[in-house]
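See the structures that follow.
In what follows, chain A forms one complex with chain B and a second complex with chain C.
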Partner chain A sequence: MLKSTLLKAVATTALTFSTWASAQAVDLQFYFPVAVGGGAAEVIQGMTDEYMANHPDVKIDAVYSGSYQDTVAKVITASRGGNAPQLSVVLSADMYTLIDEDLVVPFDDYLTTDEEKAWLAGFYPSFMENSQTGGKTYGIPFQRSTPVLYWNKEAFKAAGLDPEVAPASWDELVEFGKKLTKKDANGNVTQWGVRIPSSGFPYWTFQGFAISNGVTLANAEGNKTSFDDPKVVEALQYFVDLSAKHGVMAPGIIEWGATPKAFFEGESAIILTTTGNLTNIKTNAPFDFGVAMLPEKEQRGAPTGGGNFYLFKGASDEQLDAAVDFVQWITAPAQSAKWTMATGYVAPRAETWETEAMKTYAAEFPQVLVARDQLEFAKAELSTYQNQRVTGFFNDALAAAITGQKTPEEALKEAQTQADAVLAEYR
Partner chain B sequence: MMRGSLTYDRVLNTLAAWALAILWILPLAYAVWTAIHPAAYEARFVLTAPLTFENFQRAWAAAPFARYFLNTTLLVSLILACQFFLCTLAAYAFARFEFPGRGLLFTLVLLQLLVMPDILIVENYQTMRLLDLVDTIPAIALPYVASGFGIFLLRQTFLTVPRELDEAARVEGSSALGILWRVYIPLAKPTYLAYGLVSVSHHWNNFLWPLIVTNSEETRPVTVGLSVFSAIDSGIDWSVINAATLMTSGPLLIAFLLFQRQFVQSFMRAGIK
Partner chain C sequence: MRAWKLKRDWVTGWLLLLPAMVFLFAFTHIPAVNSLINSFYSTPRGKRAAKFIGLDNYERMIGDPVFWKVLGNNLWFAMGTIPASVGLALVMALWVNGRLPGRGFARMAFFTPTVLPLIAVANIWLFFYTPGFGLFDQLFGGLFGWSSTNWLGSPDTALNAVIVVTIWKEAGFFMIFYLAALQAMPVSLVEAARVEGANGWTIFWRITFPLLMPTTLFVSINAVINSFRLVDHIFILTDGGPDNASAVLLFYIYEIAFKFWETGYAATLTVALLVLLCLLAIGQFFLFDRKVHYK
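Entry: the complex of A and B
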């Protein structure tokens, strides 16, 4: 007994030494933001540990870096301070900002073999729109999402609607919304038909309507916006009319963070929010719910959203090679499936959806497939150079129209003029 | 007549004080309510709602809070000790010594009050990197130890100390530092207490700089632990957030309640309101 313990100890020591010997260790630092609850940070830490267990020559320090906004602040500060991480997850919409600040290197230089180049083609093209510019790939999709409709099947039944059918078009959304909006004897609304959040980053929820009306908000070079396009105006008019004219949505700015709760408590029968919420809603909704693509006008459409992996300047080639290898590993089917099931983010590669784990999960919970299927119609999230400022103008315009301070046309014209003034130097 | 208007005045004052107090306590009361009830009762205020301790357990499990508390305690103690030391010496010099450039230097110190610390984040980061202190508790503390506010406040207090006391101590053979220690510091006690409270509560709550300059569990303060709950993609779970908030602000609240009388008095004496 003692002997075997001793032997084991010797063996372990020997093993440690041999690991040490092979350890021309590459050190990597990797920042990651967390935007969903439910222990997402532990999942990332766990996957990183698993990678290190299989790759004893690589040491990865995974650093939780707050929200997306905190992460971008941290990564820019650290880079300017000469201490950039080698790898970070940052919003895909921040690509032009990071390029403009000259902080990132494209992945292409580290994907040399044909096999590695083919790997890039395995990502959904709509996720790559925010990840590539000027023929280079700066971002690799990781925690990516897209907005979808969630509907309360019980409320549909109570309103005399087919609980298995979601509104498919703009007109149906209004029509269903009217049936679902309930008032008490005093005329106070007890249940709204539709809830589309408009606080914080209204451009994202609104963008689904612009795209389904057949218009994109910014070009692929990130230096021109089309905020005052008549189709954008039409989409905003529709958005405003949901409460102003049709009375199916609460008036004023609607809080993003309180939206899932409003759904659970029956305050709204249909909500629009990110797929990043799917696991949360699945766990907490006390009723049967369905998930559907955003309603169409000229076409189906939705923006993508969420975070990409970026490589940072200041690292050695050896480090970046290791970082790229880690990114390839963590986006591979087994890991990606685990991540999607834990959070609700859309697995960014088609092959992940072919794994047994995902197939079993999707068979039990078909709602998870909607976001993936919607990707076919999805476009890039609004992203330009000077992204914070430009989307800021657009958000202000949306808020002004939603609160009735300006007409949609006035507000959007103004935002376009402001955006032009900022973006002119990038053309 | 006179008496009547006085009571009228008093009633108004009391009413206003109560109104303000209730307004102020409401968020705290709401936090307590949501923290001790299941999530279903977040917006339903039924007295018979079941009590639960689960929110605190979930909050405590979501981040290594024990370690974070230790870090925050170390951090605020370090900052406070350094601030007291540096600000006392600087304030004494500005208050009682004549030296060339005194006016200019004091203006520079006051200018520091006008600069938002957030603007200096990149500069500060570079300095910490130069000192090889990134990801340590001193790195969080250093940018704040030479506090312009502290120097200004203590200087004003020292100026109110009668010269006669200073001179009497000098006649007794006390050195300059001896006078500081025996005359000035004891007389400025209320100011130290008041400033200490402001400093501790500010650094207890500080978030962005600690998040940026630290990377590991061993150095991060409670506010960074608290931030894991602001998960915007999946909506806000008020019960757990409020449980975590109560937990992290609890030590400060308890300390304030214990020393309330001293704090209020020292604020009155120190003239910070």
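Entry: the complex of A and C
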């Protein structure tokens, strides 16, 4: 009796306090991950502070939440504990997982006016592929990226290649790579031609090859994969052959994080990494470098990647309205341009590229435009229900093939069987 | 009167135990029992609640090739780290216990890895192991003309590379216990042996080593626990890869629970880990303890 009275008293007090607080100001908690070098976290914090200075009635607590992996773990844990943030940047590919866990609400309900609805149409369609499903918009593109090819112009010159021309096809990548791979007197490699990172999430860089070979890895419903498609096998065979047959890439698993450093050190002449590293490479590369789209086979192709804004359940309507307003502000041209220049992430709306600031920046640094132009050929990042698990099978298969433990065909067949077992219940 | 006093003693006893018990129950016993219960249920997802599925999770575990792989990896990891780190700790302790110039510096140098956070040192080692421009490749390439080795990126060497980092991290910590035990050892025993004409090896093998046995027991239990507990650096060094070649049991549990969100199956794996650790602890205390000479 005493206990229940006490609990009621506590609950009433808490309620009074919270209604009182919301009358004063809207409090928002916002998680954001950082996956690239440079000062991305400070830029986000700075923009949030700027927003609060202009909107004194809104208080936003921006929480740096580690990698993408850590962030999705944190939002799921926090939501299960009844403590969800109102807003978070999470991998766009985790959309189905968040829906499956019943944690997110679509943006559509909070975009009421025609003007706001039109705003949705302003994003690049390839970025919206992983943001919409079943006619609803769950994610708003923010720190979106795509892998691009960076090449060292000095190394090209030294190898007798035209420093202004990047390898445009799979065959050229091998051909250029052979010229760029240098060995010392003992036969040890001192400079590799190509470096495609394969640690952690090899599916992403590999997906560029699958798409350019004319195949998508998962359907739009996120419940069927095509890991053992002959074209995927062919793409993986090519990937494996880069080191096993042609000897233009280092053997074994190649570390993702050390890839920009390997480029600066001249360990590799061509690297594939996210456009989110562009500003980092621009600042630190001691030589002239070029940026190009991924090499083509049947077509140009690349996956999109990176994080979207999501709205979480459990928040009040005022909070979500405020959150949507914040998202609209931070993806608006002025802020978006600042963000792109600070990191290299692709500004997700065409209008940002039309601003004076962006035009001036692109005029003196045309490399920034490559990722945007590649969007025309980009497809959605691999994303399914139980995404981490299904991509986990695929990653294991890629690693097994790259390290020569299994043949590409064998490894991919196995991954497809495992994925089918998990996804069957979602069909 | 007497009964009242007895009762008061009893209450005092429980009150004294209470703080420790609260923490033990809240953070050890209740979660362990909860894991056991959850291991018989399916994973709740969104609107679907957990349902009782009996031993299904256990059947899945038995049939899961990755489980057996990480278990094998874990045994190899234990065999690689325990004897080496304990042995190295003993050698280092004997060395810095003797008279040598710069003794304080040597002690500090050996202990430094223990003080550094594991995640931070893993990042340093990541650079050491980097093929091409990493420290090891530059060192071995420069000295012996070895070709570049992808230590962390090939399945044959990844786990061993992780083991080396663990030994480096642990040996200094265990050394401190050995050093404390050596300092507490009466000098008269060694002096008496010297008078009897015993050589250095005999003194070590007949006097020092047996007297260190309680420390060895303590240290080796810690080493066994750590070999199942220390996984932080794996996240940085290899992320369990390639193809689970360097994943150990606890790492796999984390992956299943917080990456794949299969909490039911993760609970089952946790129960397996608990049973394994209990067996090891019982084995050590009952078998090893007999050989220990206490003063």
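We take it that the second predicted complex is superposed on the first by the 403 of 427 C-alpha atoms of A that agree within 3 Å, B and C clash if a C-alpha of one lies under 4 Å from a C-alpha of the other, contacts with A are read in each partner's own complex, and residues count from 1 in each chain.
Throughout what follows, a contact is a pair of C-beta atoms (placed from the backbone, for glycine too) under 8 Å apart; a residue touches a chain by one contact, two chains touch by 3 or more.
Just so it is clear, the model here is predicted, and its values are computed rather than measured.
A.B. asks: Please determine, from the superposition on chain A, whether chain B and chain C clash or fit.
C.D. replies: They clash.
A.B. asks: Quick check for you: in the superposed arrangement, does A:Glu101 touch first (chain B), second (chain C), both or neither?
C.D. replies: second
A.B. asks: Determine, under the contact definition given at the top, whether A:Ser145 touches first (chain B), second (chain C), both, or neither.
C.D. replies: The first partner, chain B, only.
A.B. asks: Return first, second, both or neither, reflecting whether A:Gly39 touches chain B, chain C, both chains, or no partner chain.
C.D. replies: first
A.B. asks: Could you look at A:Val63 and tell me whether it touches chain B, chain C, both or neither (first, second, both, neither)?
C.D. replies: first
A.B. asks: Is A:Gly276 contacted by the first partner chain B, the second partner chain C, both or neither?
C.D. replies: Only chain B is touched by A:Gly276; chain C is not.
A.B. asks: Where does A:Gly82 make contact in the superposed view: on chain B (first), on chain C (second), on both, or on neither?
C.D. replies: first
A.B. asks: Thinking of the overlay built on chain A, is A:Ala73 touched by chain B (first), by chain C (second), by both, or by neither?
C.D. replies: The answer is both, since A:Ala73 touches chain B and chain C.
A.B. asks: Should A:Glu265 be classified as contacting the first partner (chain B), the second (chain C), both, or neither?
C.D. replies: In the superposed model, A:Glu265 contacts both chain B and chain C.
A.B. asks: Which positions of chain A sit in both the chain B and the chain C interface?
C.D. replies: In chain A, positions 73, 76-77, 200, 257-258, 261, 265 sit in both the chain B and chain C interfaces.
A.B. asks: What residues on chain B touch chain A, complex-wise?
C.D. replies: So the residues of chain B in touch with chain A come to 42-43, 62, 121-122, 125-126, 128-129, 134, 208, 211-212, 215-216, 224, 227-237.
A.B. asks: State the interface residues of chain A toward chain B in the complex, per the touch definition above.
C.D. replies: 29, 34-41, 61, 63-67, 70, 73-74, 76-78, 80-83, 145, 200, 256-261, 265, 273-274, 276-277, 279-280, 306, 344
A.B. asks: Please give the residue numbers of chain A that touch chain C in the complex, ascending.
C.D. replies: It is residues 69, 73, 76-77, 97, 99-103, 186-189, 192, 198-200, 250-255, 257-258, 261-262, 265, 267-268, 386, 388-389, 392, 395-397, 399-400, 402-403, 405 of chain A that touch chain C.
A.B. asks: Of all residues in chain C, which touch chain A in the complex?
C.D. replies: 45-47, 126-127, 130-133, 141, 145-148, 150, 152-155, 238-239, 241-245, 255, 258-262
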